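The following block contains the structure, expressed as C-alpha cells.
Going in written order, the chains are labelled A, B, C, D, E and F, and every chain counts its residues from 1.
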Amino acid sequence: MVLKRALYVGRFQPFHLGHLAALKHILSNHSEAIIAIGSAQHSHTIDNPFTLGERIEMIFMTLKYEKLYDRVIITSVPDVEKHYLWVDLVIQNSPEFNVVYSNEFLTRLLFMERNFEVRNIPFFDRDRYEATKIRQLMANDKDWVELVPKPVADYILSKKLDLRVKRIFNRNV
Amino acid sequence: MVLKRALYVGRFQPFHLGHLAALKHILSNHSEAIIAIGSAQHSHTIDNPFTLGERIEMIFMTLKYEKLYDRVIITSVPDVEKHYLWVDLVIQNSPEFNVVYSNEFLTRLLFMERNFEVRNIPFFDRDRYEATKIRQLMANDKDWVELVPKPVADYILSKKLDLRVKRIFNRNV
Amino acid sequence: MVLKRALYVGRFQPFHLGHLAALKHILSNHSEAIIAIGSAQHSHTIDNPFTLGERIEMIFMTLKYEKLYDRVIITSVPDVEKHYLWVDLVIQNSPEFNVVYSNEFLTRLLFMERNFEVRNIPFFDRDRYEATKIRQLMANDKDWVELVPKPVADYILSKKLDLRVKRIFNRNV
Amino acid sequence: MVLKRALYVGRFQPFHLGHLAALKHILSNHSEAIIAIGSAQHSHTIDNPFTLGERIEMIFMTLKYEKLYDRVIITSVPDVEKHYLWVDLVIQNSPEFNVVYSNEFLTRLLFMERNFEVRNIPFFDRDRYEATKIRQLMANDKDWVELVPKPVADYILSKKLDLRVKRIFNRNV
Amino acid sequence: MVLKRALYVGRFQPFHLGHLAALKHILSNHSEAIIAIGSAQHSHTIDNPFTLGERIEMIFMTLKYEKLYDRVIITSVPDVEKHYLWVDLVIQNSPEFNVVYSNEFLTRLLFMERNFEVRNIPFFDRDRYEATKIRQLMANDKDWVELVPKPVADYILSKKLDLRVKRIFNRNV
Amino acid sequence: MVLKRALYVGRFQPFHLGHLAALKHILSNHSEAIIAIGSAQHSHTIDNPFTLGERIEMIFMTLKYEKLYDRVIITSVPDVEKHYLWVDLVIQNSPEFNVVYSNEFLTRLLFMERNFEVRNIPFFDRDRYEATKIRQLMANDKDWVELVPKPVADYILSKKLDLRVKRIFNRNV
C-alpha cells in the first residue's frame, strides 16, 4: 500500500460483483479509494437506467455490508461536451488522488494527457459480471440477482427498479 | 430513531463543530443521514472558498475520525437558476430520505411546497460556530483551528487553504 | 367531463389532422387541455424542421379556426439531458393538470413513476396522419396539404416552410 | 388596426389590471397580440414569486374571462446571459410579429438595434397598478385583490400563492 | 475585391492545404476574411481530435508563414442545440462580414434564411485534401505531412498530436 | 525575449491606449502574445457594452494599424460559474503559453494555484487610460477619442457604439 488514494471511475449501472472485486483489488494497493460515478446526469435510458441517487444508495449499502465505508469515498461527475475539461471536473468534484483506475478509453486518454498515472482494472470473470449483460438479464426476466452484491439486489427488488429496466428495454409502459 | 433517513443540506464552507453537533443531533433521531453539499459548483469566492472535492474530503475525514462513516452518506447539489427544479435535483442526486433538516429559508420553502417534513436544526453555540465568522478569522490570521473538527483543521493547514481564504478576502495575490 | 385539465404532449412537426382529432377526443373527456410542445429547442433538422414559434403559430391558428381557443392552453418544454427532471420541467412550465395523454414511451414512463395518470391517445387513421410521413411528402413534392388543418397548410405555404423541409431532406441549398 | 401582430413583453408577476389595460390598448391598434412572459425560468424570489406555469394559467384565465382568447397568443422567454442573443430567442419562441411594446430599457435597446419598431406602453394609473407594489401588499396582508383581474385573484387565493409571497418577503417558513 | 469581408466557416480538424487554397481564393475576392472555427467546444473525438486552442495555433502559424496575418481574423463558434440561434452566435462572436463561404449544408441553410449571401467554396483536389482522410492517414501511420501547411505539420509532430489521433481511432491507450 | 508566449487577459471594453502600452510592454519581453478576451459572453451592460465580435474587430484593427499582427493571437474566454474550471477553459481556448499577465485578482489567484508564472501589468498613466472612465466619458458626451487607438475610435464612431454606451448608462432609449 505505497500509494495513498486511487480514483475508480465507472457508471455502475448497476454496481455488480465485478465492480466490488475491482474495488477490493484497488484497496489492496491503496489505503483509500474514491468511487467516481460517471455519466452522473443520466437515468431512464437503456445504458443508464438508474439515477445518481439510486447508484449512490446501492454503492453505500454495499460498502456498509462489506464494511469498506472507512476507506471509500463516493463522488460523481457528469459527462461534459468539452472533453478537455472533464479531467478538471473530476478533480474539482473529488478529494485528492494520485492514481486513476479505468478501462474506459477516453477516461484513460484524457488522464494520461494530464500526466496522471492510469492503470487498468483487472476483469473478474467478465463473461458473468458485466453491467450491460446484467441489464439485459433484468429486461428478459432472467436471473441477475446473484451477479450483484446482496444489498444491491435487495434495493433493486424493493424499489422494483428491475421493472423500470424491463420497461425501458421493451419501450412499453 | 423512528424515521429512517434524514437529509441535511448545507454549504459546509468549511464543515465546523456546529455542523458536527447538528449531524450528531440528527443521528440521534434517524438511523442514517445524507449530507447534501449545496452550492456545489462554487469555489474561490468569499462565501464559497473551497471546492466540492475539498469539502467532500474534509467531511469524509471527519466522519472517519468520528467513526460515523457507516451512518452518513455524502452527496452534492449545485445551485440552479430554476428554483422550482432544485428539490427534484436534490432527489435525483440523493439516496431516498423522508425528513429534511435545514435553517435556510429557500430550502425550507421549496421542500415544504413539495410536502416534505422540514425541521429546524438546533444551533450549537452559534456565536462561536458559524462558517462566515470562521472564514473571517482565517482571513485575519486569528485563531479558527479549535472551531472545526481536527481533521478539517489538519487538511486546511496542510493544503494552505487558509492562505487562499486570506487572499480572497484581501483581493490580493 | 369529470376530469378538469389534461396535458397533451407532442412535438407537432407539424400539427396535423391526427393531432387535431386527438385534441378533440381529449376535449370530449376534459373541460380543458394543455398542448405542451416538446423538443421545444429544436428546429432545422429532419425530425424537427419547425421552430417553436412556428409551431405555436400553426397551433394557435388552428385553435382559432376550430374555435377551440377558450379550452386549450399552449405551453412548451425543451428536451433535457436529465430525464429525471423532465416531468418537473413540464410542471414548472404548465398550468395545473391531472391526466397526461401521450403514446411516447419515455414520457409515459417518467410520468407514471411520479404517479400521474397516463392515458394512450387513440390513433386516427395513423397510416395517413403521421408527422414523419407528412414531412417526407413535403420533401418529395407530394401532396401533404390535405393532411393538415387548413390554417397549417396556409401558414407553411405562405412562409415556404415546405421548401425548408425539402432542403433539409436533400441536404442541399 | 393597420399593423397585424404586436409583441408585449413583461414578467407578469402577477398579471394585473394595468397589464390588462395595456393589452387592450395594444389590441386597439393591432389585430393580434403575443404576450411574451419574460424571466421565464425564475420563481420563488421576491421579484419573481410565481412559476411560468402559474403565470400562464393566470393570463389564460384572464383572457378567457375577458373573451380575448382569439386575439392573444401566450409564449415565454428565459433571461439569457448573452444579451445579444435574447432578441433571437424571442423570435425563435414566438409567432411572427412586427411591433414590440415594452417600457423596459434593455428590451427596447436590443430590439431597436435589430431595427424593430419599439413602442412605449402607456401606463394606466401606475401608482395603483404596479406589480412590485402588489407583491408588497400581499406580503403585508393588505388589500391587493382589487388590483388584479378577478380570475387572477381567484387563482392566487385558491392556491394560497399569496402565502408564498408573504413567506418569501419575510424569509420565514 | 468589391466586397469587404467574408466569413469562412469550418472545423479545421486540421487546417490543410485545401483550406489554405480556399482561403486564398476568398482573399482574391475580398479584402479581408474571418476564419470562424466551428464545433469549437469539441476535442478528443474521431471527428474533432484537436482542441480550439490547438486549431487557433495551427491556423495562426500558417497565416504567419504565408504572411496573410494582416488580412485574416480568427474567431470561434460552438455548436448549439438551438440551430435557429447559431447564426446570431456567429454574428456575436465575429467582426462584421457580408458574405458567407461554406459547403456545409446546415451552415448554408441557416445563413440563407437570414438573407445572407452564401457562396460555395471551390474544392481544391478534394480527393487529396480532405480532413477526414488526413485524420485516417494519421491513424494508420501513413503519410499525411505533405497534405497540410508546413507549420501545421511541425506543430502536430512536435506535440505528438498524431499519436492522439491514432489512439482515438484505435480506442486504445 | 527569453520566454516564448505570454497570455494577456482582459475584457477590453474597449481596447484603449493603456492596453496597447501593456501589450507593447509584454512584446518587449516575449516573442508572441495571446490576447484573451474575457467575459466573452457579455454585451449591452454598463461594464460590458461591446460584443465579443466588436471587441475582436477593434483589437484586430489596432494590431493592423500598429503592424503587430504577426506577433499577437486573439482568443476569447467566457466567465464561468465554476471558477475552478476557468483556467482549463483558457487553456482549451488558447495556443500554448507559459506566462500570464493580469492585474485582476481572481485571474491571478486561479493561475497561481495551477503553478503558472503570473506577472503584473505595469499601468500606463492609469488616471487617463482606464476603461471604466472611458465608458463614463462616452456616456457623458465628453472627449474619449484620444484615449483609444485611432482604429478603435474610428470603429466606435462609425458604428455609433458610443450612442449605445450613452443609452445603457442613461437606461433610456
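Everything below uses one rule, namely that a residue touches a chain if its C-beta (ideal position, glycine included) is under 8 Å from a C-beta of that chain, and two chains touch if they have at least 3 such contacts.
Note that the structure is a prediction, hence the values are computed from the model and not measured.
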| item | value |
| --- | --- |
| Chain F against chain A, contact positions shared by both copies (same if over half, else different) | same |
| Chain A on chain C, rotation in degrees - Cα superposition, rounded to nearest 5 | 120 |
| Centre distance in Å when chain B and chain D are each reduced to the mean of their C-alpha atoms | 38 |
| Intercentroid distance (Cα basis), chain B paired with chain A, Å | 25 |
| Multi-chain contact residues (two or more partners), chain A | 43, 51, 82, 84, 91-92 |
| Category of the chain touch graph - line, ring, star, complete, other | other |
| Full enumeration of touching chain pairs | A-B, A-C, A-E, A-F, B-C, B-D, B-F, C-D, C-E, D-E, D-F, E-F |
| List of chain D residues in touch with chain B within their complex | 41-45, 51, 164, 167-168, 171-173 |
| Complex interface listing, chain D residues touching chain C | 40, 43, 51-54, 56-57, 60, 64, 67, 69-70, 73-76, 91-96 |
| In the complex, chain A residues that touch chain F | 82, 84-85, 88-89, 91-92 |
| Touching residues on chain F, where the partner in the complex is chain B | 81-84, 105-106, 108-110, 112-113, 118 |
